[in-house]
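Take a look at this one; I'll ask things after.
When the chains are written out, they are named A, B, C, D, E and F in that same order, and each has its own residue count from 1.
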């Protein structure tokens, strides 16, 4: 067993478009992801509203470990596709994995 | 569009000082952050208490994507300012972003 | 004060084995970790079940900041030990820390 | 004049409204009082279930007639017309751009369930009965408002409005489904159903409402702070639009022959603004609209206005009109 | 024949079952209706507390005799035998591998508390009393099923079954402990305890059950989609296995001399399948088993079958048998 | 002597205490029984609302007089004096450092609401009435304790104590605000308010208290394990300090002329230690103090001591004193 380099993509955006984003990255070839609901602050204000008003008012954080190629594609297209009208950021960083095949699209 | 290097700062500390830390990094120039509540263990014991006793007994994780310069300043000053009397860690790592301007202080 | 390089290990796996994994990494020498409950999707399907059916149906994410040596050991042995019968991934990446001693096993 | 002051005083000095004030106060003092979101959501489901079920049981006990049909049409009509009025007012008085004026006015064509529930509690205090099918009318006052709002925003050009996810959100949203479903279950099971359910839907009702209004006070207090950003013209709209809506509701209620209590409730429905269903639907269907304008208005201005002033006012006005007729 | 249709219709038209249908419908329409998990869990604890406490109070009022002992043994027996029957059927008809056949059959030796509660509500509608210690019997029907399932899966070879964490999970699991504990508290405090607790355990009971069955409908609807992956043979097993279990239960109940209501409940216990306790225990004790097979079966097929058809069917069959005896 | 044993037995065999024991047992067995935190918090808000509201309604029915004023002063006095006694004892017997001795003793000047509620349930069992304004006295017993604790810790030197966030936390904390607010609302709305709210504040009360004490048992069980780290001297302090507090409370109660029930409750207030409000406030105002010392003491030792032994003991002692007077 050996350590291989892969990329971890992080997308933080409005819960309102959670399923849209997941559907979108799935069509790009993503097979695995980890997702969480949290709060934040950015250009579009504080996103930390009471759940009574709706879960869509908070953020989701989606993490995808994958190849560099697919990672770049995700970052670029998600920003283009979603972040004109919706709050959100997307970035990526290097990680080291063992079972490289698991993270191929 | 091109990928630029930035830093992601991670602060994990007691929920009790959540707003103090947020106020503090805001005065340093931070405009955006992402925040979550979670549990952990460290030198000051296990922080995983029942919410009935108060949310302040768990940890918050604050993530800030920003320039290297501001990132270093945050890590150093937060440790100095808060972690003598409160449980907490702070670290940073490289990330690649597209809209570099969004993460300038 | 100076920035030193360390590793951050990330383990994402079934909540069902949360305490087993924590016990296991503790015997490897881990003294501090941060842990959260979240959802995800991978080879073993979508893990996002209603908590009514049991918390064990969701994922935990365990993060450990430590030395490169211990980090590698954690990644290799956790995969070997747990991920034949349980859903899960493990990876690691570089981080910069200040109080290096805090993260030594 | 003393009559309306008395009615108002009696309204304000009831436990639910006092708990709302407590919540408002706590929020303004930046207290850490906070109902856990999961519990808040469950309480709102409780209110929907109860109000729907009760309405259905009452409908079961009464006969279906033409008045019912007329009332339902009146509800649809109100929900479609009010956004048009609101849109024009917003464009003219507050000089809001097309998309945001359309979005805001859609909120006012729709309804606030909690305001409705508070109004039924108020009618209970005054021993004023109302028709069970008011609940069905409430259920109809969502879709027209949203659709008119979207048409106003997108005009002739534009993508098709009825995407599958839009239909799902507007017609099968949790709030609406629970309300209509409970209404149907009340209708089907009638008096026997109520017997089995009374210990849940009647016994703790007022207390749960107090708890919930405490939470609403906390929320309203937070949103109050965001009003300043929205500007004075918008804040004023949040005050006079419910009065216009209330007047429309009273006239419609009298026209279709609702009882005094029923007319008051229709006025409340017309006067209240949605802060849960409509903003959620528009976030998808009209992402260009700025939610930071509409939410503080509907929740921070119009909701407390109706709770403190609107409900007794519409009741009093209805009383006067019915005396006159 | 008309008798059973009448019983069924009366069952389906009761508020709890109608709310279950509402939940199913909402889920199939992909509505965003969703009871917060924390609240769902609290409601299930409420049901456990109530059902345990009531059973204990009733036991307090009745005398302990040999029939009680026989009944408890019958429960243990059923819980151990049913997995054996299920295992053989799964191996033969559905050609499932050893480990998964053992895992699935363990679910069917155990019970579903909610099905039991729904059955007690059904008996209430039909004024059919039952023995308080049925709750104690339910509590005994978990461990044998899991242990037999593990023995079937691991055969002669294999690690020791009784690890400390396994024992803790099976004998001190939250569900079981709350049920038994409340039963004990009811037993100790008796009529005086019930007086103090009636406003909590009786007054809102039916309503809370409705709320909870709404949630169960939402869950069931989601699991229904996963059935296809499991295949037709497995789905059929989910339909005929409860009938076999029900028959076993009725015979055992009559044999040990339970009342008509008690016999119906024992049939329901035998016919129902666990979807909370057993899958959680097996995830640890038998990680090789695939939870994606058993969960949709127990929750998506057998649970609704019992709610809609099984409960009235077992009641009717018991009635016929008792007429005959 | 048999009298106090009888009182104790009756206390322990009541449903609320039995559920507390069940929770303790589950926790020691490392069961996965766990009330969702959101629900636990909502239940504690329910208790605050109910206890405040009831107190207010009762005050509304009684006349305001000098005894009320004296009682309020006595509460303030007790809350300020008890930390002084505790501080000296901790420094002398347990040799705790200045800061931590001050922090711990502040917990004992303040109160545990749940202990108070359990005591009112105990008084209910014994048909012993008490003054409604005991709730107001409880509300006053927080600030003095915290302030004295801070003064003891920081002495002459030191930063100013009354920062805005400190004031907000101590005077507008959620717990206190909900208690006082509900008290006020009960006072204002009186008997009419109680009529509307009885189905919420009275009907399910005992049951909800049981549920909540189950949760408290789970929490207490966890904290028990942390006692060892704190050491034997500290654990002993957690046992004798409530007795000292109880004695102070009984003398004060008799002195200001409270009823027997009221005197018992004042003793309970003095004897109980805060494990929610004070630790939260001190985490900000006195971060140098180690919360791992005070929390296990207040929750793991003093709380169960009062529940099992303290409450019947203070009741019995009060009875004896009143017979004597």
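The rule we apply is simple: contacts are C-beta pairs under 8 Å (C-beta built on N, C-alpha and C of every residue); 3 or more make two chains touch, one makes a residue touch a chain.
All of these numbers come straight from a predicted model, not from anything done at the bench.
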Check your understanding: Going by the stated contact rule, which chains contact chain A and chain B alike?
Key -> C
Review point. What is the chain whose Cα centroid lies farthest from the Cα centroid of chain B?
Key: E
Check your understanding: Over half of the interface residue numbers used by both chain D and chain F, so same, or under half, so different?
Key -> different
Study note, to complete from the structure: Rounded to the nearest Å, the gap separating the Cα centres of chain A and chain E is 41
Review point. How many angstrom between the C-alpha centroids of chain F and chain A?
Key: 47
Study note, to complete from the structure: Flagged in chain B as touching 2+ other chains are 36, 51, 93-94
Point to revise | Numbers and ranges of chain F residues touching at least 2 other chains | key: 35-39, 41, 203-204
Practice item. Could you please write down every pair of chains that are in touch? Key: A-B, A-C, A-D, B-C, B-F, C-E, D-E, D-F, E-F
Review point. Which positions of chain F touch chain E when the two form their complex?
Key: 13-15, 18-19, 22, 25-26, 29-39, 202-208, 210-211, 214
Point to revise | In the complex, chain B residues that touch chain A | key: 1, 3, 6, 8, 31-36, 65, 93-99, 102
Check your understanding: Touching chain D in the complex: which residues of chain F?
Key -> 36-39, 41-42, 45-46, 49, 168-169, 172-174, 177-178, 181-182, 184-185, 188-189, 193, 196-197, 199-201, 203-204
**Study point:** For the chain E and chain C complex, residues of the former touching the latter
**Key:** 37-38, 40-41, 44, 215, 218-219, 222, 275-276, 279-280, 283-284, 287-288, 292, 295, 299
Practice item. Under the touch definition given earlier, write down the residues of chain C that touch chain A in their complex. Key: 10, 12, 36, 38-43, 48, 59, 61, 72, 75-76, 79, 89-94
